[in-house]
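In this document, chain identifiers A, B and C correspond to the written order of the chains, with residue numbering beginning at 1 in each.
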Amino acid sequence: MSGRRERGGGAAAKAVIVPAALLMLAELAMRLTGFKSDSVAPPSEILVAAFQALHDGSIARATGETLLSAFGGLAIGGLVGLIVGIVLGSVAILDRLFDFSIETIRPIPPIALMPIALMVFGFGARLEIAVVAFAAVWPVLILTRAAIAGIEPQLLEVARALRLGFGARVFKIVVPAILPRLFVALRLATGVAVIVAVTVEITVNPVGLGYAIMIAGQSLRPDLMLALLIWIGLVGWGLNFALQATERSLFGFAMPRARP
Amino acid sequence: MTRLAPFAWRLAGLGVGILLVLLWQRIADARVIPAVFLPGPDQAWASLLAGFESGGLWPKLLATVLRMVYGWLLASLLGIAIGAAIGMSALARTYIGPTLEFLRPLPAPAIIPLAIAFFGLSDTMVLGVIGFGALWPMLLATMHGFAAVEPRLYEVARTLGLSRLGVVVKIALPSSLPDILAGMRLGLTIALILAVVGEMLTGQDGLGTWILRAARAFRAADLFAGVILLGLLGYLSAQALSLVESRLLRWRARAR
Amino acid sequence: MNEPRRLEEFAVAAEAETLIEFRDVGVILGGQPILQGIDLNIRRGEFVCVIGPSGCGKTTALRLLAGLLRPSSGTVLYRGEALSGPRQNIAVVFQDYARALLPWRTAAGNVALALESLGVPAAERGDRARELLAKVGLAAHARRYPAEMSGGMQQRVQIARCLAQNPDVLLMDEPFGALDAMTRQSLQDEVLGIVAATGATVFFVTHDLEEAVYLGDRVIGLRPHPGRIGIEETVPLPRPRDQLTTREDPAFLRLRRALFDFTKSAKA
């Protein structure tokens, strides 16, 4: 099987070739033709802008604002989703009764609720936290509900056979059984939270990374704008990566079978 | 009894929904939250009716729907075509695949400033953003679907002497359909969101602009009416797609 | 009914057409020699069974005939010409029937796939598909999806699809390996019936020694690492074969013993 050794280093190299080549091409093309534009900038300038913004702390501050709102909303929405998900997952009757209502409220795009929050809270962090909270409820609710419903019935029978009290049953059987899937819900909800936070910032809220990117665009600074765009992508990717790594180290034994 | 049961449950679910609306009405009447923030369902409903009767709401609803659908359709065609091409070619998958996967977590709204720089605050910009945002999930899902076709089926196709086009249309495409449809569902959700955001930013006529203006003028009833319409739009479009999906994927439901 | 046909074939044996020829065929995959020095002639209408321990290359040999693989050395000839790819009158029945059928098409639809590639006009396809399914006893299940059928039924759908190609040659790669004993036996007899009716040449790969003797005119045993022909036995049993009487025939038992000894020695 001589293909095996090639797979590790070779695959990584092949993955990078095309984007690297395109970037170099763009750089050369823009430099050589003296191309000036309000919407694109050569990769080198983007890098310079990125370092500048990192250096003077503006990116750090904006990132902090965005993440504050994202995590704040995640905490609230996640908690609500967790509680409701546990209740619905445990009591089948309630689940069926509330299914219709949940399926009608869920499709409301979070950004549509943004004007309501704007009206109530005005501009600022609370506006974002409110909208993010609404968005974060759904992935947590649905996955928690599924996690509870998906507990191996035999485990619960074991609990009964051992005559475990309510507390012991919850902490020794239920919680460890659902924890891996709750973590997946957390990871997905984090992604949603960041995206929604940035969206609210781009649309109306004058704080955070979304606002920074809009300002960069309006000040005709394409280099900064693209640098911030890449940075937002990196933040999202980084959070996902960190959570996946934690997931694997904590729950390696319960690795999900299908990769998303 | 079992025939009746699912129908009875659905009715009960609807009943619970109605109860929640009545609860909303009570809370609004009790003025626990100021009426300017939380109008009752009766006011929202009245505003809805007024909006449609005066004729102002229809074109806005239509504008948002059309934007969403056009952008989504465009993204579907491109996403499926490109995704299929890349998915079927192992070469393309090795060289381009990882880059595309890397771009996946990029939030579509973050593209908006770039789009504004290119197209200005115009309808083209909104359509472009919707198309771009909805493109990714469909492209990636299609790519995965085409890459995951059962290899044995390709061998069967070879022994039967199936043409290249035949392989794509009769084997790869039907095999990838579940993935493609999942991508389309996600793309539709994104298209709706981006349509609303785009409208809010550019002031183009549509539901997004309507609810933003209502919020700024503290016209809570109008605002809630608009939000309900958007929720309805999301719900109906998702249901429509679900219906199509269940018809196309009939064979899945019949597994032993 | 088939006896006179067999005699006729014996009479013409000397001039019987060699349909398939392996000339010093070798296959190297991933740096490993899988097959080496394979010389084999298969006559038209012959039922050849290939046995051998795992890794002896019997599936590889089948895939050479299917045109899915090219030999690294030597030539595989079909009708005197080198085989360069899959042929429409060489049909393949794969072992993993669930993966070889299109799950989104009904039984009739799966059979129709072969008819479509043959260019059969759309109006005729439905009837032809149902005819072919009737030949394998699945006429009543034409509108079922593979997921709704048992393993045996799915394998029969595959066989029906192969018949749609009007094949000169049937390549069967351990087709009944994943099925229970009773289904296996009934399918064995079905295949014998189909082959007797169509006169097809068969290349049948199997792990099951008794199956090989029961079905074949000739049994080839391969030794592994690398795959070479180790034993070649003609099966002198009369046709039509019968699950009870044939299996008690002393010639059957003798052959079975010989093959069993070969397999043991080949594994060592």
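Convention: a residue touches a chain if its C-beta (ideal position, glycine included) is under 8 Å from a C-beta of that chain, and two chains touch if they have at least 3 such contacts.
For clarity, every value in this text was computed on a predicted model and none was experimentally measured.
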{"item": "Chain pair that, of all pairs, has the most C-beta pairs in contact", "value": "A-B"}
{"item": "Remotest chain, subunit C as reference, centres from CA atoms", "value": "A"}
{"item": "Geometric centre: closest chain by C-alpha means", "value": "B"}
{"item": "Approximate Å spacing (C-alpha centroids) for the pair subunit A, subunit B", "value": "19"}
{"item": "Centre-of-Cα separation between subunit C and subunit A, whole angstrom", "value": "54"}
{"item": "Rounded Å distance, subunit B centre to subunit C centre (Cα mean)", "value": "50"}
{"item": "For the subunit A and subunit B complex, residues of the former touching the latter", "value": "11, 14-19, 38-39, 96-101, 103-105, 107-113, 115-116, 118-120, 191, 194-195, 198-199, 202-204, 210, 213-214, 216-217, 222, 225-226, 229, 232-233, 236-237, 240"}
{"item": "Subunit A-touching residues of subunit B, taken from the complex the two chains share", "value": "9-10, 12-14, 16-17, 20, 36-37, 94-99, 102-103, 105-107, 109-114, 116-118, 189, 192-193, 196-197, 200-201, 207-208, 211-212, 214-216, 218, 220, 223-224, 226-227, 230-231, 234-235, 238"}
{"item": "In the complex, subunit B residues that touch subunit C", "value": "150, 152-153, 155-156, 158-163, 166, 170-171, 174-175, 177, 249, 251-252, 254-256"}
{"item": "Subunit B-facing residues of subunit C, complex", "value": "66-68, 85-88, 90-92, 94, 96, 99-100, 102-105, 113-114, 116-118, 145, 147-148, 165"}
